[in-house]
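After the structure tokens below, expect a handful of questions from me.
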Amino acid sequence: MKSTAPLQRLVQLLLVVVGSTFFVSILIRLLPVGLEDIYVVNPDPVGRAKEISDLGLDLNPFAFYFRWLSGFFRGDFGSYVYPGPTLEPVSEHITRTLPVTLQLIVYVQIVALAFAIPLGLVSAYKVGTRVDRVISNGLFIFSSVPSFVIALLLAFYIGVQLGWVPPLGYAPPFCSAEDIDSATACGFGEHFKLMVLPVVSLSIPLIASYTRLLRTDVIATLREDFVTMAASKGLSNRRILWTHVFRPSSITLFTSAALNMGALVGGALVIETIFSIPGIGFEIALAIGSRQYFALQAYIAIIAFGYVFFNVLVDLTVGLIDPRAKERRK
Amino acid sequence: MSSLLSLKNLHITFDTPRGQLAAVRGVDLELLAGESLGVVGESGSGKTVLSRASMGLLTMSTAHRTGTVIFDGQDLSTAPRDTVRSTWGTGMAMIFQDPMTALNPVRRIGSQLTEGLRVRLGMSKKEARGRAIELLKLVRIPDPEKALRKFPNQLSGGMRQRVMISIALACNPKLLFADEPTTALDVTVQAQILQLLSDLRKELNMSMVLVTHDLGVVAGHTDKIAVMYAGEVVEYGETKELFANVRMPYTEALLNSIPRLDQKSSGRMTVIEGRLPDPTKPEPGCAFASRCPYVQDKCRTEHPELQQSENGHQFRCHFPLGVAK
Amino acid sequence: MKFKQMGIFSKACVVWLGLVMFFVVFGQFIPLPKPTDFDIEAMGVGLFDSWKHPLGTDSNGYDLLSNAILGARPSMLISLVSVFIGGIIGSTLGIIAAYKRGKLDYIVNTVFNIVLSIPNLVLGLALVAVLATNPDPNIEVPTSRRVFVIVLSLTIVIVPILGRIARGATLSWSNREFVVAARSMGMKDSKIIIKHIVPNVLPAIYAVGFLAIGVVIVVEGSLSLLGVGIVDGVSWGSMIARVRGDLEFAPHSMLVPVTILALTVIACNQLGDVLRSRLDSREGRL
């Protein structure tokens, strides 16, 4: 590829943002029900026309989309519309719920990687032995169990029957003055107690797929000359695995972990609903349930931006992990 | 001089889907301290396996080794894994064929070079760095400080091989295995690297095993030569003696296959006809019989034993060259 | 691949999927309590506690065994149909785009990326919610329309997943000598695609198709759990959704559908995996 490659890629990524939001925009205008019938209840024809034009619903779908897009880039994420019409900015919902989901997803990634990396290294190092078979087959089964199944079982057996941790709810890690006044659960202790079950439910299938990715690459790396070379220096096997084998084998793992962030929002949607966590996933489900399509469009835009962000991040960092990757792209 | 490495009746077999593959079949070799030995053979002759097995680097579960390996008075074939490992780097070290694949592509030269020093010799970070610069100077790398910060792919092939040599030499090994150290390099760089190895060996008073497919490479750089064919040593002797009195038809064929400047340009390069025998199906007679221009009936039925002649010259042939019958 | 050559685990998976498919086809004819009949005398019967209700009943007295068996049809049919249609659309797009290259390929690939950038479940949920709306939110959307919308949404989810596989496989096959040769002999593109490309790309699609069935079953279950699945139907997802509230009275009532759903997903993934690794080794030999 030529030096225009990064530019081309950026264009393609921007197309993803524009395309996905445009898709949603068209979709909600093609509803079997007109948005004006949902949001505008004013019986007076003049008032009704004004309300419709305030919401931009009199525009054609393209103009409607560009109105939304220009608003979005000016920082106007759109609004929740309640009959009246009363508007409530989506940005308020986002600043409240996005951090919660980010906490959840970051914990999930940390836990998944913390288990998957040693497991992947060990099963690759012991490839073909009983240890490898137990790890690989055991994890294969776990990778196929949907996380909502794990969540429901954990919530019931650990949360309700054993009562080790509360079965649902959320507590912020830092206490605000309000929390203390209203005696709401908050602080690190409560926070992590409530996060345990959701994090476990989301990370178990991830551990399985990450371990698998790493195992495959480590097996390939172990055949490389530089591993024999490292051994011939008299280094211990453990040292060789961590300092020589892990990094060159980790590209696929980290790439897929980064690109997984979006899919995790989808996973979080169900898990947050099951555990009543006020995150963005739960918020999306609520918005869809209560027909807040403008809000939905903003959420999709955020997810698409996240997708682009992590793609760019991968492009930029892959060369830091493995200098060979840069050359291969050329 | 005392014996540094001695191999006795060394056999290496691999499990393959097609059966047992005998890569090395009963090799006896002796290497004295400070001596250099060239191991020569075609690819598939077992020379690389031999050098790796002598160090104990064949760790895959499909490889099986019998016979003894005694290094510096210690029997490594029965020693526990950790004892064997403790000889690596400080006792024996190895240079690999392709520096591009043998250097870790994701780590800087500096960390790869100082790693052994710090782990095996317990040097501090600063000491190790100082020694690393010394080593890079030793292998004639210009601007060593800068080289320490580079990744392998930022160096030329010749420089990479120099770096690999410096890594192998880092912990002052007594014995250096060099496995086809110049094959992956440009022709112009090959001679430089060989000269460097030769010089360093004398400077540091090391022993060296130089593994190559090219008799021309070992000619000027080793004290002794062992020619391998199908997993066996077929001719062994001091370099001068061996070149002066080639006894084994295979060695002669190898010599003829070296392209030489003094040959007429019209003359075609001689290649050895035929192929190595299938290592999973050992033949009863001489392994070279099917390709030997001087083959006789006896060669096909009776396996020749290694014969001793004057000046320690050994060969494995029923009808050696230059010996009147 | 021959059944005999499979590992014990794969055999178990084939047997399980066979059983599920048997219930999909013949479930209706098995004399079982109807899923809508509830047994007022046997509410919350435990697993294996009663001959009449081998898998027990939930807290409302619904028989779990008959629910599970009859739930196979909606769950599996929705998955199979959407993977089938999505697979056909996706692979057609992917194959043609990759074969023609150029602008068409760029557009198709971008569209795939756009759809893939939205998480499966968010996309499915949005589509179902948008397409299955009534002007008056208090009027239930008829089940048939709901099923249609769910299948349509899941199809859209599947198109880029299988489309990308088809595109990738076609890109590598269309450079092979026999394709280039066929082209240089003036064979028509449509004929090359049908004779040379499709037969070689199909195995990869089958393999990923199995994995896609697993994906769809999970998304369908999640949709039910979120309350936009087939509400009055008896799919496995809606069984889970129905019993979620009263776990305390009959915990096993969730264990049954959850286990069945998980086993089916595991079986699909395993078979997809076996197909894929066989494919990899075939490609490796080439």
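Letters A, B and C name the chains as they come in the text, with residue numbers starting at 1 for each one.
Keep in mind that, in the parts below, a residue touches a chain if its C-beta (ideal position, glycine included) is under 8 Å from a C-beta of that chain, and two chains touch if they have at least 3 such contacts.
Keep in mind it's a predicted model, so treat the numbers as computed, not measured.
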Chain of greatest Cα-centre distance to chain C: B
Closest chain to the centre of mass proxy, which here is the mean CA position: A
Averaging C-alpha coordinates per chain, one finds the centres of chain A and chain B separated by a number of Å equal to 54
Report, in whole Å, the distance between the mean C-alpha point of chain A and the mean C-alpha point of chain C. 22
Between chain B and chain C, centroid-to-centroid distance (C-alpha), Å: 58
Would you mind listing the residues of chain B that make contact with two or more other chains? none
Could you list, by residue number, the parts of chain B that touch chain A in their complex? 52, 55, 57, 59, 61, 85-90, 92-94, 96-98, 101-107, 115-116, 119-120, 151, 153-154, 164, 167-168, 170-171
Name, in rising order, each residue of chain C that touches chain A in their complex. 9, 110-111, 113-115, 117-122, 125-127, 129-131, 133-135, 137, 214, 218, 221-222, 225-228, 240, 244, 247-248, 251, 254-255, 258, 261-262, 265-266, 268-270, 273
In the complex, go through chain A and note every residue touching chain C. 12, 15-16, 19-20, 23-24, 27-28, 31-33, 37-38, 137, 140-141, 143-146, 148-149, 152-153, 156-157, 160-161, 262-267, 269-270, 273-274, 284-285, 288-289, 291, 293, 296, 299-300, 303-304, 307-308
Under the stated contact criterion, what part of chain A meets chain B in this complex? 128, 224-226, 228-236, 239, 243-244, 247-248, 321-324, 327
